[in-house]
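For reference, the structures are reproduced in the following blocks.
Two complexes come next, and they have one chain in common, subunit A, joined by subunit B in the first and subunit C in the second.
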Partner chain A sequence: PGTTPLYPSPMTPMTPITPATPASESSGIVPQLQNIVSTVNLGCKLDLKTIALRARNAEYNPKRFAAVIMRIREPRTTALIFSSGKMVCTGAKSEEQSRLAARKYARVVQKLGFPAKFLDFKIQNMVGSCDVKFPIRLEGLVLTHQQFSSYEPELFPGLIYRMIKPRIVLLIFVSGKVVLTGAKVRAEIYEAFENIYPILK
Partner chain B sequence: MPGGGHCPDCGSTELVEDSHYSQSQLVCSDCGCVVTEGVLTTTFSDEGNLREVTYSRSTGENDQVSRSQQRGLRRVRDLCRVLQLPSTFEDTAVAYYQQAYRHSGIRAARLQKKEVLVGCCVLITCRQHNWPLTMGTVCALLYADLDVFSGTYMQIVKLLGLDVPSLCLADLVKTYCSSFRLFQASPSVPPKYVEDKEKMLSRTLQLVELADETWLVTGRHPLPVITAATFLAWQSLQPSHRLTCSLARFCKLANVDLPYPASSRLQELLSVLLRMAERLAWLQVLKLDKRSVVKHIGDLLQHRHTLVRKAFRDGTAEMEAGEKELRERCQGPEQGKEEVASSSLDLPEGKRPASPTPLLPPCMLKPPKRICPPPPVSTVTGDENISDSEIEQYLRTPQEIKDFEKAQAARQAARSVSNPP
Partner chain C sequence: MTGRVCRGCGGTDIELDAARGDAVCTGCGSVLEDNIIVSEVQFVENSGGGSSAVGQFVSLDGAGKTPTLGGGFHVNLGKESRAQTLQNGRRQIHHLGNQLQLNQHCLDTAFNFFKMAVSKHLTRGRKMAHVIAACLYLVCRTEGTPHMLLDLSDLLQVNVYVLGKTFLLLARELCINAPAIDPCLYIPRFAHLLEFGEKNHEVSMTALRLLQRMKRDWMHTGRRPSGLCGAALLVAARMHDFRRTVKEVISVVKVCESTLRKRLTEFEDTPTSQLTVDEFMKIDLEEECDPPSYTAGQRKLRLKQLEQVLSKKLEEVEGEISTYQDAIENELESSRPKAKGALANLTRDGSVEDTTSSVFGEDDAEDEELEAAASHLNKDFYQEILGSGLSSSSEGAGDPDGDTRPPALESLLGPLPTAASLGISDSIRECISSQSQDPTDACGDGELDLSGIDDLEIDRYILNEAEARVKAELWMRENAEYLREQREKEARIAKEKELGIYKEHKPKKSCKRREPIQASTAGEAIEKMLEQKKISSKINYSVLRDLNSKGGGGLQEEDAQPEGRTATRKLSRRKTPARRHRADPVTGVGKRLRPMVSAQPAKKAAAGEPLPLSPSTLGAEPARPTAVLVESGPVSYHPEDDPDEDDPDEDDGEPCVSALQMMGSGDYGCDGEEDDGY
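Now for the complex of A and B:
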């Protein structure tokens, strides 16, 4: 009586050590990937006039732009094919789809008579978007996070947030919609969103 | 000045030694007459102590300032003078321009960009001193395109690592409102339209604050909101004579350009005022519309804080506010005063209008243009087999190639006929 025992009696169980709720709650919102830009080297010089002549899905206006613009239906993407043999593939919704699309473009170029290879495929940029579903006071955010934010309503309705870690640019709108860009891997988009969500709430 | 020195021109004894470049001179401080020019020849021993003066130093310029930069700096000073800015602003803007010029990307830029850079430096200086200069005004003065201005502005802020404060809304209201030609009667402004400047400013400020609170300002260009607020303030100060005047006519007789979004901002502001009017007992019975509510703007603004709270609800805060109210009621008579005041404005329970609308920006209240179905989960691995048939659908048949070549040749021929060399 008066002093607490050093060890609890067998009748009183010890309280569990791990907390029921984690220290930082995740937002529960997953950004959706909207666009993937990738590049690949076909490894041989290309004659763009020939490609434009023999392919149905190609467009080539040398006076406007020095590359052939080619499109395929599945995955729905667009490619810019340069005479150096380098190619840019845009419009895919996932990394795997971007790679599959790039392979299909390479195959088309092969069938047109060029010894196309598939070298140094690389994802250059990933764009994601999501909706936090509550309005955001952009003028308040630019004050509290001035060193990362740029908000000029005379030029653009959204706030441009340049996150340092990960190195992602976010466009934040008053409606609560957020666009994330500049990622090389999917995890950077998710990480950036988890970083910004508590700031927006 | 000791010694027997007199100025030959005015006879003053106030002679000072002034070294002009590398030559010392005796100058009269009263009339500026140069009395002696110093020694032009030196002895052999003196020469050993002299230092060579380079050409650029002898002309007084510290840096090799290119003509292009000199022109730019002159333009900066001219712009500051046109805008009637304080002289300290001029020096700051010039410093920014010089700082920008140290970057090779700016030195090598097109003249159009350098011209726009002048405006950017002046704008940044004004923002840092809370001087309400809009980008529209700067672009108009420089005859520049806002897109070009925007690109250069964003680039220079990043390049120089500057912290540019936001445009101060209250100051912008004051300067913009003051530019409306409505404070004196003139051939274009009938006497019933003339208004007292202070009254109009004060009411416009309150309306702009109301617009800001109800999400009409965030993400939008600030000027059209102020135009709409100025119009409503002016109308409401003498509604009987001014309700017939439209926004366009108002801007015309006030000699101010009507920005395109102002009509839309006006409608949004009137909707907010109508929602607030529904919460005011003696206005509820009048069944107001967007025209008649203008007559009561004075009353609505007087009670705006309470009315906004009552007329709109904030989704998450609603529940918390409800709980807080219950707790406060139990606390006692201290809260009574505010509650009595608010309840006198409010209708009895049974007659209250339907549940308040959410306080959200207009873009969140409009129904979505098209409902985007969530994309199906993709099972693509990127390594799938690509069938030949799928690729062949993208290749032209030999016949198609021939037809295409024929069509191209025909078009070429037609072109050369219509444009003979």
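Now for the complex of A and C:
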């Protein structure tokens, strides 16, 4: 999984290149990516007031938060643009889309008259979700995997499973839905799901 | 018998006289220890003739306080910060715990958790009250008391999720896995509050049975246990002819009415609800249900699938309708005469309806009748498409239509917005011109790659002049207050600058973390630490080094202890950091030493008094001479002392045994050894 390219074509879902373990059958389920958070450095100082007043899709409330919140429709994403020139882009559903969206935001900023560049694009977090299609007994899971699980029904209805390798946090719900977050690459999410699937069965 | 070896004759037969406080060798008669500190109880006579033991009550933790007769207001004066924190925490734990009616054992355990938390610096940056509450709740969970986090948040008036966050962090840091909450624990408590009188026990039993049934039906996973208890108690009460309303139950159980109703509905959905009261008490149904969220999810999936199937069918039906329409029109065409030219022209120009007629591939005018019929059938459909086409991208509009009627696309796209119609052509021109002024925009690495970005789309995101002005006005109005504050701030800074008293408030820099000391031996580490800390200029470093050069691990431990002793005699303030740092080099020597070193901070304040029971007296022998001399000069080096210490140490070769020895030999005989040495 470490050697897989970072930006595959968005059409084909990547399958992890792990050797098939004959003992366990692999689940036929592939987690879907729901959200990708990425950051990029536009490389120049920005005047947030100018951006906010001249862009159609920007909001800026300096009293509440010191950044311009800009949204574009395709791909449907939101960006936080700071005066230092750094930008956070969230809401994309794939790595390629996130990069495209970030470039679009940079283009808008460019057109507004700033010498924006596109430095150090990095994906910070990826969130995926899937459904195992059978109910999961959370109490049993917290008994067997005490050191990884945290289940507090008073606070949150799901079980929080912190996997060590790969370092992913999974939210497991009784209805069979699993949310995986904290990944930097797509393969980590797939690997984590393959790891947890036999535990849930 | 302590098993020590006499110095004079080497005999092992040493007699300890507790009354006189002596240790005498029976072989040669030499006094090995004098004035041994004894731990006997002494009695004094009261005025009434009775006798009472001499002594003071000292608190379990913390140091012995100076007795204040009738005072005690300045309890925290002259104490270390750590002791203050612990004492404060203890007080708060007791205060809160008493409100929850926790027993002493629980409170003590909670205080232990708190001590652990403080030692791991978990209280930093958090409200003490939150940490205390988290400790108490942890105890409640481990002991299995029926206290909810909600109770604690009620007492403290703090958001329960904030407390929960602190609690989760505490549990994780202390590596304590609290067992999962069992709703059965809460039943007795709530039943008592609901006042069932004599039948309390029966109702509780019924409620417990209901709960177990709910558990088997997967209703309790992921839910607040109190909600389930409420539902179970409500049903149990009704089963035993008690009229408990929903309002009464929710006031006791602390959940929302809708939650309770939902639980009741879910229970209703299970097959058990169909049993009568008697049947329920006797029979246990075998089958288990799926959790309600799972069934709800499955239902949603099924609904979605149904919708998809239906929509597909709808399309098919529409397709059928349109084919029928075509067929009908063809028939009519062939059967009716062509429309006149004038009418045809009229019908061709104009509105939406015309495009629909052209869609059918008929350039000729049709009968108005037929046209009306066709337009009526298709009006909604096409208006929808055209309406959506105006707002969203053109491809989306074309798609549902494009498959069946390819030639329709251009006509449909006709009325879509252009740059001119949107009125942003000016801004485009402006942007293009500004772009030409910045030639460096799109080349070189790190520069923006424009492939795949549609410029038109980007331009849509930029306002034109008029719009920008309007937005600016609105924004100024919204943020007038903030702008005013900014201006005032700048004015203030400018004035201060003129006056020359401008203090730049830099954001707080986190304190520089000292680099951890890198040393190969404990002695080296001690040296470096002393240099860093600059505890005393009076320490003779050459002596230190010499001490280090002799012997192995045993001596190094003693080195740690002399430093400890010298430091002890200094200002109490410095003790804590000194002790802390000492822990680092010493850990390299032996784990065994750690408990002693860490115990020392707890005994800080008592350092001034003699420490009869302190294990740190192991290093007392070389230290005692220093204790006497520290005020006047450097550590005095007694070469004759060291060989004596060396022998027992080097004989063993293992630090563990030597420490035991030292502890065994050194506890009550410090002075004696010292005298011998001299």
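Some observations on this one:
Note that the second predicted complex is superposed on the first by the 178 of 201 C-alpha atoms of A that agree within 3 Å, B and C clash if a C-alpha of one lies under 4 Å from a C-alpha of the other, contacts with A are read in each partner's own complex, and residues count from 1 in each chain.
Going forward, a residue touches a chain if its C-beta (ideal position, glycine included) is under 8 Å from a C-beta of that chain, and two chains touch if they have at least 3 such contacts.
This one's a predicted model, so the numbers in the text were calculated from it and none came from an experiment.
When the two complexes are overlaid on their common chain A, residue A:62 makes contact with subunit C while staying clear of subunit B. Judged by the touch definition given at the top, the superposed model places A:146 against both subunit B and subunit C.
Contact with both subunit B and subunit C is seen for A:104 once the two complexes are overlaid on the shared chain.
In the superposed model, A:95 lies in contact with subunit B only, and not with subunit C.
Once the two complexes are overlaid on the shared chain, A:118 sits against subunit C while remaining clear of subunit B.
In the superposed model, A:154 makes contact with both subunit B and subunit C.
When the shared chain is aligned, no partner comes close enough to touch A:38: not subunit B, not subunit C.
By the document's definition of touching, neither partner reaches A:77: not subunit B, not subunit C. Comparing the two complexes, residues 53-57, 72, 100, 103-104, 107-108, 111-112, 134-135, 137-139, 142-143, 146-147, 150-155, 157-158, 173-176 of subunit A contact subunit B in one case and subunit C in the other. Residues of subunit A that touch subunit B in their complex: 32, 53-57, 72, 75, 93-100, 103-104, 107-108, 111-112, 134-139, 142-143, 146-147, 150-158, 173-176. Across the interface of their complex, subunit A is touched by residues 134-136, 146, 150, 153-154, 157, 163, 166-167, 215, 218-222, 315-316, 360-361, 363-364, 375, 378, 380-384, 386, 390-396, 400-401, 404-405 of subunit B. Across the complex, subunit A meets subunit C through its residues 43, 52-57, 60-63, 72, 74, 100, 103-104, 106-108, 110-113, 115-119, 131, 134-135, 137-139, 142-143, 146-147, 150-155, 157-158, 173-177. Chain contact summary for the complex, subunit C toward subunit A: residues 148-150, 160-161, 164, 168, 171-172, 177, 180-181, 218, 220-226, 290-291, 293-294, 296-297, 393, 431, 434-435, 438, 440-441, 446-450, 452-453, 457-463, 467-468, 471-472, 475, 478-479, 481-482.
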